[in-house]
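Letters A, B and C mark the chains as written, and numbering starts fresh at 1 in each.
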Amino acid sequence: MPRTEQPLSTWVQSTLAIFRKDLKSELRTRYAISALIMFVITTIAIILFSLGSESAPADALSGMLWVVVFFASMSGLSRTFVTEEERGTAMTLQLMATPSAVLFGKLLFNLVLTLGLNVMTVILYSAFINGFVVRTYSIFVITIGLGSIGLAAAATIIAAIIARANTKGTLYPVLSFPILLPLLLTVINATRLSTEGAFLEEAYGEFQILVSYIVVVVAVSYLLFDYIWKD
Amino acid sequence: MTLRIVLGVWMVAVIVLGISLPMVDNPQHWYELPLIPALGERARIMFFHVPTAWLSVLAFVSSMIYGIKYLRKKNPDDDIKSASAAGLGFIFCVLATVTGALWAKFSWGTYWNWDPRQTSIFVLLLIYGAYFALRSAIDVEEKRATLAAVYSIIAAVVMPFFMFIMPRILESLHPSPILSVSKEQGSMAPNMRVLFFASLAGFTGLYYWMWNLHVRASRLEFHRSMKAGG
Amino acid sequence: MHNLELHVTKLKKTFNRRVIFRDISFTICSGQTLLITGRNGSGKSTLVKIISNILTPTEGTVEFVSPSGPCPVLPQSLIGMVSPYLQLYEEFSARENLQLALAIRGMVPNESAIDSLLERLSLRARMDDHVQTFSSGMKQRAKLAMAMIHQPPILILDEPMSNLDEDGIRSVREIMAQHKTNGLLVVATNDLTDLDSFDIQVDLNAPH
């Protein structure tokens, strides 16, 4: 398959055009955003009710935060590719843009969506779940940041894959979970460290893993996207 | 023909010896295996568990390599080989997970411990499951082969992270169960080692034979439907 | 872009073990018209998709050649296409769709060009309404605008007259005539009255 080259400035413009299109479309229809917000609120409420007046150990609370984040992502991050297929605009996009511009444009969109969603989730979670107290803010903030980027990266490439399949909804978590598991284990561990008041240096190992995960996933996505996107 | 017979005899020998060779405290003769204190007779599972785990990884790598070949040449035969390898790998992975859980029960008292090896084999099982779920969700053959290959590459690339992550998680989450020495092959008596590697070779041969059979059968089915449809 | 040539060599496409077509070869140059005919299911749209770089062929090549060698411009900028299966973004207006068509190709959105094109296709009055509210005839004209806004040297029209009334059909004929003077025109249709003339025909009804 020939790799089509274009000048970098054109590519950047193209990528941003796709990102802006997705953003504008989402703000206009607001399908994903409202569903996601309700999802997060409902899930945190369920956790609250099931905990009752008990408090769970810090380990478990760190894990549960990322469970909420994972499932919220599963609800929202496939939209960017799936809607193109559903509305029949996928071919239009194929005609107008180079594959890598599509990948990075949608990756950017998912990144913004994930960051926004995670910040909201973290705020609600910290506010309402007793026993979840962040002691080392630096670790926590960096973890949320890197974790969101990694999540968006992996979720985007998997979304591209399932958009071409039939049973998109149920397939998405099934394919995503094994790929996201290293990320999830690492961020849960780092979150736990932040609640225990560990020093920033203690989390360096986790940060290294997160950064290499992001690099690897983005690189593999770029190399393989042509095969996924082009029929 | 000969391969089938040799393989059959070999495996029968391995299985019979694995089950019946006596395990004694002080092995004097070549046919006596050393008795491992904590495990006793249950150590025999090692002859069968480790090869299945080894094969489930080998099959996955094989499936991925044929997947990469398919992406480059678009030859349907490569996809047949890839899918056949994955199918067998899945079966062996299930066997490895189950025998591993049995081993865990013997060694540490519970079927599941979330130690690195058990978690890894479980994740491999999830990946196999995801692979087949993906395949069954695509009607168009060319697309099915392409996306399956892509997914197996992504999964293979992400798997190594577990090697770095597991130690960190382990030392922080809970005190690791005392990993029994017999899980490592380092201190195996010579005759046990021979039997072990014989079992490994036998299982690998078995895998190759089954894979070959499955590929040939799939090819026939492929050509039959080509004649009927094209 | 002058003197652009489209070289198609030994094109073959199989789909789920069924051969759609094979051994399709032709060359057309700027100023020429290619007509693709064939009954429903013969692979007309498949061939069109392969030429426009949306679909990869099982065998064979599609090359765009300029006088100085292989064309350096990407297919995305070279080609404008109208077809029943290429949809517009319905939650955007006609104007926004055209802006997108330019921005995605790295071109500066030229408001006056957009205005005049929509005027020409009788869509200017509704240019800021969401495409969702358009009639099928208007959508077809909007698709035409999408195909032309970036002034591509190659125009590919798959069933161009569908959903159009007399005025619309006349507009399309004008557009085709104008494009032929300088560019490559590819038309896929079963209705030969769509075209005044053509230079090369590929008939997918013929046994391959």
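As a convention for this text, a contact is a pair of C-beta atoms (placed from the backbone, for glycine too) under 8 Å apart; a residue touches a chain by one contact, two chains touch by 3 or more.
The model shown is predicted, which means the values in this text are computed figures rather than measured ones.
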- Task: Could you draw the chains as nodes, link the ones that touch, and say if you get a line, ring, star, complete or other?
- Result: complete
- Query: Quick one: most central chain, C-alpha centroids?
  - Reply: A
- Note on the structure: With centres defined as the mean of Cα atoms, the chain at greatest distance from subunit B is chain C
- Considering B-C alongside A-B, which chain pair is linked by more C-beta pairs in contact? A-B
- List the centre-to-centre spacing of subunit A and subunit C in whole Å, with centres computed as mean CA coordinates. 37
- Message: Centroid of subunit A to centroid of subunit B, CA atoms only: how many Å?
- Response: 32
- Item | Separation of subunit B from subunit C, taking each centre as the mean of its C-alpha atoms, in whole Å | 52
- Message: Two-or-more-chain contact residues of subunit C, please, as numbers and ranges.
- Response: none
- Query: Listing for subunit A: what residues touch at least two other chains?
  - Reply: 231
- Of all residues in subunit B, which are in touch with two or more distinct other chains? 139
- Task: Can you check the complex and tell me which residues of subunit B touch subunit C?
- Result: 74, 139-142, 222, 225-226, 229-230
- How about subunit C: which of its residues touch subunit A in the complex? 49, 52-56, 74-76, 79, 81, 85-92, 96, 100-101, 103-106, 146
- Where on subunit A does subunit B make contact in their complex? 59, 154, 157-158, 161-162, 164-167, 171, 174-175, 177-179, 181-182, 185-186, 189, 192, 205-206, 209, 212-213, 216-217, 220, 224, 227-228, 231
- Item | Contact set on subunit B toward subunit A in their complex | 71, 123, 126-127, 129-130, 133-134, 137-139, 143, 146-147, 149-151, 153-155, 157-158, 161-162, 164-165, 168-169, 172-173
- Item | Residue ranges of subunit C touching subunit B (in the complex, touch as defined) | 14-19, 58
